[in-house]
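Before I ask anything, here is the structure I am working with.
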């Protein structure tokens, strides 16, 4: 008897290429007599009268395991909404290898056989929680699994940002923006900005400036327990915005402050026992590939 | 008798801090019995009934030397509009050292004494000419002294660009953008993007990607005679724009092509004989500064 | 009554510029009626018949606090030999600011007044322990406070290194070398190699390749509990060496393996309460300095 | 009747894998009734009594075209010794694609048919000429096709170098070394040091520091007509050396000066008409490869 008896399926509704994988998954789960809950996206793909689309809240209440079918982005989205429920998640990729969704659709039955029998690795990942504060009032807040990014909007000018770590002044940057990334996000936008790779097991956050107009910059890695505050300077700053995992842009005004801290709940990521992060780094980023 | 008998003055109208410098300059030039033409910006600061603001065209027709008072940006602007006139330009900085405007207001009389007596260096700088082509029609064109920048607009997604050099496929980039910079521009936005410094005497252009999502990137320097074409890929590209020296944004659509070549005319930059580019690099960028 | 009643003094014997500082320190400590032990270096500078140079072992046995006068290198050296004794250390810099020795000689009395009265911060730093294994035998071992560096020797050729983390294959590098650095070392040689800054509170290690001949590289930060193994490949490798904090070079042969793990003891670094790591970063590296 | 009637063959003697290619080449050239001269390396592989190994000088005197079989290193070596003879060179690679030797052995007959009938591209590459001056006396000199590299020897300490360009002070570097590279060398060691790619048509030189201990560095590209001088500082510098294309190390003393200028002769590189530098960049370096 598996510890996972009710399985949730989450996917991106508009992507028809996922349909085969989702149907196979349901057949497999039914063959194992497991209870299945599907989100709206999976319900649309399945068109199965027995499987009505559920809200995330209902899935959170009843599932023992959530299987996300899609790309890293789909899992990022699910993770932000489900992290506080503490339900383990498993990512099945859509053909292209992902950092978070590295189970291939072809292997899904074999992999699930093992996972349901208790042979799996559980990896804990943290998310960031960010608040946008204006005149002392929180005007927006969000979770971020990859990164919180403050960025100039639509004009070719630099913004000026003061950053504080645990209340202590860190620096002032004139740049296109600033990325605050988790280890999970260190292979996403922070990589494009020139940041280091952080192993997912690290309880650390990296701050990577985007196109700073200075030679004297270098990313800094700080403890994930740090409270980070980014203040938009008053001096003639062009329009800026903040985004969370590339979503939910909030327009910023001078003097706005973005307060970032670790989300208290950890995401539980289920992985096959032979999961190898370094192999994914090499395969997906061609990291360290020899010429 | 100086080769420069009619001197033009160009400045930024709204910057009152320039007023003293412009007044001193006019006094100096009058004391030398030189003819003076001023642009609208200088006329506003001077409020001198004898000095009516002239159009750039009139200045181009009559002046032997243009003195630009302000920052690098003011000189960039003047250069774009006057490059084809071939009139030499001299930059007087407003207090903060610039790469192009490195004559200090305090030194202006001594420097001009020498320049008017023929003791000066003349440096030639090239500009870029860019055309934006949509469905075979040129929808916009501009000169650029620093750079032509294609950049994503206002969203946290990457654009995909195909670049060709002299009709030959160079590469495809998924990035926030792409900078095509002159040597003059190599210390501006291209520097923020991680590009090398190009000595102003080089007839070369550097292509610097902005936040490419790949590890395998590196700026490339090509001959300034190259014809460069940047094509916005059709695949679901987010809104993009192109800017010229950070000005005159043009919104781009998929399949738009930006064609870049060297402007045929060279800008003639007049400098004191002791002008030292490397010293400006060290002083302004703190380049190679020892710890 | 201070918790620190026996104070040890360590310094570099050959540096006469330290003499004033060491004399002042002894006068201060005598005025407080504290017991003083000095190492050979300090004894030579002091020429005080009451203060005979002690071995590190004796100092470790009797001191409650060690004051190191000199530069970061002097403290690195003392830390390697005294880390297992767990005695707190305080660094007094010789005029030039250090990352580890940031108490100025001018402030020493005021700073010590506070520290002796219990007003101080205690920071824990970890060291690395490295073993060089040849044919199954440990041929050398050392502590490193900054870094363990494998590097090619004296020829312009690349070495090839296979790296494993916790027994798992990480990558193969063809490069001039490989730096394995602590957070303390992240502002030393690892910085020159392009690595990120790691806050000293992190329990993390960064691996930074030196001049890798590939575009696909990027430093990686891993947990400090990781066991790291670097194997010199058999394929025609040029002569290589390994060094520890830039000291104690060991010549390497193909198939040699360097095994690196965290030293079990933590160094206890005593700092004034107003110690500010970010300020030292900005002051010493000019990190994030605006143009 | 081809303009190339006497063909020289140069190869690395010790590499038996080249034997087939060299034999095929000779058969092909004999079938075209062309005169053949071989160097010692090719003679050893061929063991043909009609083809006695010639000196480089004799080959330079009689050949119309030199075919180099091997890797980029073999062509670098031949280029340094033959550049002043102005004989065109063609590189045949040994299986692994090279930047300079990009004709595949399998294509050699078809490619040579075209080249001998006049269908080819001729590319001109410049070399550097370097002199090591001690106390006013030239103690060593060499050509370099890729780069002149000043580097610390065998110890983990930095050297300090003052660089001058056309007699003007450029900067002082504390680093592991300094690379002065041609466009040809920009994809070799200079790439490992973080330098930009320079298109081979550029008449430019790039200066790339090796592991500078400062944040404020950035490679600089200067005109190839510049005279570059690198002075080893007097201040306690560790042992250093200078190498030319990774060959011919010369040990340096404090106050030694390395004077670098463009070699007056250009190397004539013969290429198939469909030769595509950008394709080689992408294929060999995986430059700009998409994830």
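In this document, chain identifiers A, B, C and D correspond to the written order of the chains, with residue numbering beginning at 1 in each.
In this text, a contact is a pair of C-beta atoms (placed from the backbone, for glycine too) under 8 Å apart; a residue touches a chain by one contact, two chains touch by 3 or more.
These figures come from a predicted structure and were not determined experimentally.
S.K.: Which chain has its C-alpha centre farthest away from the C-alpha centre of chain C?
M.R.: Checked the centroid distances; the maximum from chain C is B.
S.K.: Count the C-beta contact pairs for B-D and for C-D, then tell me which is higher.
M.R.: Result of the comparison of B-D and C-D: B-D.
S.K.: Measuring from the mean C-alpha position of chain A to the mean C-alpha position of chain D, what distance in angstrom results?
M.R.: Centres of chain A and chain D (C-alpha means) sit 47 Å apart.
S.K.: Any idea how many Å lie between the Cα centroids of chain B and chain D?
M.R.: Measuring from centre to centre gives 36 Å for this pair.
S.K.: Just the number, please: Cα centre separation of chain C and chain D in whole Å.
M.R.: Chain centres of chain C and chain D, defined by C-alpha means, are spaced 41 Å apart.
S.K.: So which bits of chain A are touching at least two other chains?
M.R.: If we look for residues of chain A contacting two or more partner chains, we find 191, 212-213, 215-218, 285-287, 289, 291.
S.K.: Help me check something: in the complex, which residues belonging to chain B touch chain D?
M.R.: Counting only chain B, the residues touching chain D are 165, 168-174, 191, 195-199, 201-202, 204, 206, 212-214, 216-223, 276, 278, 281-282, 285-291.
S.K.: Considering the complex alone, what residue numbers of chain B touch chain C?
M.R.: It is residues 215-218, 284-286, 289, 291 of chain B that touch chain C.
S.K.: Which of the residues in chain B end up touching chain A in this complex?
M.R.: 149, 151, 153-158, 175-176, 189, 191-194, 210-216, 241, 243, 246-247, 249, 285-287
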